[in-house]
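After this come two complexes, each holding chain A, first together with chain B and then together with chain C.
Showing the complex of A and B:
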């Protein structure tokens, strides 16, 4: 009896000690989502989770030097890197990247591009919209005899990392000549800063092609190309198709959820999806508990707003796997 | 020969007038776009509510406006006394000594140092040792930017005070500190005040020194020991978001900031002109 009350007293005191202010920094892509989750969380619990988008690289650096309570990155870190810096990692949401184009008179999803063809266009091998290779898959579309303007990111970005990873997987020449990275040596095209920069260039430049996060495509009414699944079936960049992809992801606690989601199996799996990750400093157990409480609450109540903002919530099984990861680490 | 010179004169005059019109044109263009987009985005909610996610109507910039003002005023409290004292040293004590000229040179270099470098410096000396982003680091970074401006204007304004005034004060038996505070300061006060206003306007619109010092805060916060929100950093993250209502708030933030700084500049011009009369 005494022990029990002591335990509850202890529990109460840690509850009182719980920080009502948390600071996080990192990836730009999930910032509006975390903002939204934090807004609701503050209204219901009073805890203020202040997340600022300073870029994935900045987020990793600030959590490494323990300046923020949690970091966020679009590029997952591998377990050995995490171990070296004494960090824990788990995904928080999923996003999809859309190949967008601006061809006057041609609507959303009207153009079909095989994954390999997307690579050829970004390589500069296919230079005109009415190239026979594009025409073959789009017999009923009136493709113009115009030069393709390629638009890419000028800054380092997690979006570029995931997009170039996808290109490397689907196009051998891309893998050999350019490869995967947050910033790569683009063979052709002009660079825009941030998703918003690429969005604006594509919007203003007729006959251009680019790649942006789903939310930017939707909010700006850009046209997105239909691409192919890992097995070669046509697939549109819809919420359901991205969700289908998320289901196949083989997350695992052992690798601290290191997983690049592109090209999942399945007939409806949209190929260019990516997770966005949270990094926690291992030694700050109390702080981590507070951070985990916030994400647990958001996993429970935040799916609806995630979809509204253009993100894909994690599947239930993944959330439970993350919860058991937290338990293993003693912070849940 | 004479006609030749007149011709050259006309060409140069036309070119320089065109250059002036070009510069002015861009300024008017910027202001026009800012007023057009900013004014349309203004509403009462902006002053009543703090930050909110896209799609929420009760969304405002109160947290950022208050934060920005706290940072700018905090920086003034640190930067202005140091700047004025240093300027006084240069003009009244150091004068043309080697040390004084060295300080003047350093201050000129500091004035043109990129603000992100100052931000990084303060991150290294304050944020990293303290272990968290905080408002104090933000005001120190802004104060460092402010000091050389206040120092230089104070130095210049004090050196404009005629030496005969100083001699008269000394001749009447006033000690040097009284001569400085009651005679020299008094005749230079409008100029010094203008310098303070201009330096305040200069730092009130800064983003880079704040990014890695006071960070930014999505919530209303009056505690200097925590991250503090600012209009400039908020403007950047809102303007680059995909959501229209956030982009509008970004324009509103830009408009508010521009009008505030424009107002400060006009007020200081007014003081300068009044002094000339």
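Showing the complex of A and C:
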């Protein structure tokens, strides 16, 4: 409680200085991207954007209690929830979640896992790498006779929300037993804190499998599995395949851009993609204008770094839709 | 004038001492108030419920409580004999030169921040445990090991200090009666230093049961009852560190506070019991 009031005191004192500093907090999933955007923005405009990667749940909580200027979440909120807490919402980028593994001697994309099999592994039904079900799709890979160590998130997480949403859609048993959520009762495995924690555990544990955001996979040279599209075709977690998936997103201002992007149709659509969202407190018009300026600037100049980091920038028409949403709300 | 200063000073110290009680009560009140929805819903069955599924709004504290107790137990069992061995060597056996250099390194070990032990544990200790004990190297045993490494310098340093307070005249008299070194250590030094040894073990216990960061790195962070000693599990402080920021539903939040309240109660009971039972025994013996 004391900490909370201290934080809000700090936030209040920075509020008075207004435009030269913006405070945001939330999802770890887009954090590398926001850091990059903030760095460029400060260099070009002198305005500092301070983003704390504390997790989607934390971001929602902090913007609800008005501690930060903007919150970030990978789990979009429905319009009625937004209305209740007087919040606005728009997407900032799209990312993909990769099923990563650490099997000594087996490289990136060498292992193919059908979506349903991914579910069986995370359920603990498939316990060894040389299980006939995995072997059937990987006849030429020398799969070891070793126990699979499942690694998942130990904290509440938007990445987990999107991943468990995907598992619930592709695996019936998962849906019945575990379900979708930012934190679930994992049937098996180890829990790492944050995308970083899962990355570390996977790197440290031979024969493990986990799920992380694409940027973390790239920066740490993890190996990712080839999975299947909604219609069952093999698909790798590449930029093009994630883009193909993003194309199908039907964004709309009416639902405050509420949209879960997993399992889009199309032959090359990578199945586990997710939008990442920004939440703004409705009543702080001046501050919102400053925040919107930052994102508008990043939409204009930040696509290149988004791609480099492994994210998919929003398509131009989506950006324009967001701009008109801002205009409707009187903050652009 | 002097008289007034005296009363002033007396009252000041009394006030400072009262602060301890105020803080204790304040902590309890806040924990209890925030935990109330969970206490109302689950009552004491929270302690024995095994399932923890935030997305279904089901919360049971048994795995976390068990993990706390077991990891602390492993740590104490490993650390106490090692630490007492070190202390005996340093106070009775080591030559003066070694005494200082060993003594300083022990104190240095005790001063290392816990997060460093956690990182070292994950990158160095986990693979070693995996090689020797099987499993995946991350779990209850590694957590217990790391805790043991963290607390043994603590116990060793205090035990050594209290052994050093044994009056030489006692030891010399024992030697004069024909006692060997072993006899002196066993029958003079250890009984004399007993209170200090037990005190240091109690303090270390307090540190181990509340340790968060180092354990978070290596315990595996899952709400499950370990069936093997190498299995992943969680502990109360680890659960709080992992989930507090993200707890959105009221019941989740309250359940975390309930866990905190239980941790508060457990450490309070353990320390109170240890203090009253062991230390009283020691004092009586004297």
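Some points to look at:
We take it that the second predicted complex is superposed on the first by the 314 of 332 C-alpha atoms of A that agree within 3 Å, B and C clash if a C-alpha of one lies under 4 Å from a C-alpha of the other, contacts with A are read in each partner's own complex, and residues count from 1 in each chain.
Heads up, the rule we're going with is that a contact is a pair of C-beta atoms (placed from the backbone, for glycine too) under 8 Å apart; a residue touches a chain by one contact, two chains touch by 3 or more.
These numbers come from a predicted model, not from an experiment.
Partners chain B and chain C clash in the overlay (superposition on chain A).
In the superposition on chain A, A:157 makes contact with chain C only, while chain B stays out of contact range. By the document's definition of touching, neither partner reaches A:124: not chain B, not chain C. Look at A:38: by the touch rule set out above, it reaches chain B but stays clear of chain C. In the superposition on chain A, contact of A:55 is made with chain C only, not with chain B.
With both structures placed on the common chain, the touch criterion links A:216 to chain B but leaves chain C unconnected.
By the touch criterion stated above, A:310 is placed in contact with chain B alone, chain C being left untouched. Contact with chain C, but none with chain B, is seen for A:183 once the two complexes are overlaid on the shared chain. When the two structures are aligned on the shared chain, A:191 is found in touch with chain C, with no touch to chain B. The superposed model shows chain B running into chain C at a single listed stretch; among 73-81, 91-99 or 235-243 it is 91-99.
Residues 54 of chain A are contacted both by chain B in one complex and by chain C in the other. Partner chain B is touched in their complex by these residues of chain A: 21, 23, 25, 28, 31-32, 35-36, 38-39, 42, 48, 50-54, 65-68, 194-196, 199, 213, 215-216, 218-220, 305, 308-310.
Of all the residues in chain B, the ones that touch chain A in their complex are 51-56, 127-128, 131-133, 211, 215-219, 226-227, 233, 237, 239-244, 246. Taken together, the chain A residues at the contact with chain C in this complex read 1, 54-58, 60-61, 149, 154-157, 164, 178-186, 189-193, 200-201, 204-205, 208. Those residues of chain C that touch chain A in the shared complex are 30, 51-56, 58, 122-123, 126-127, 130, 136-139, 216, 220-223, 232, 234, 241-243, 245-248.
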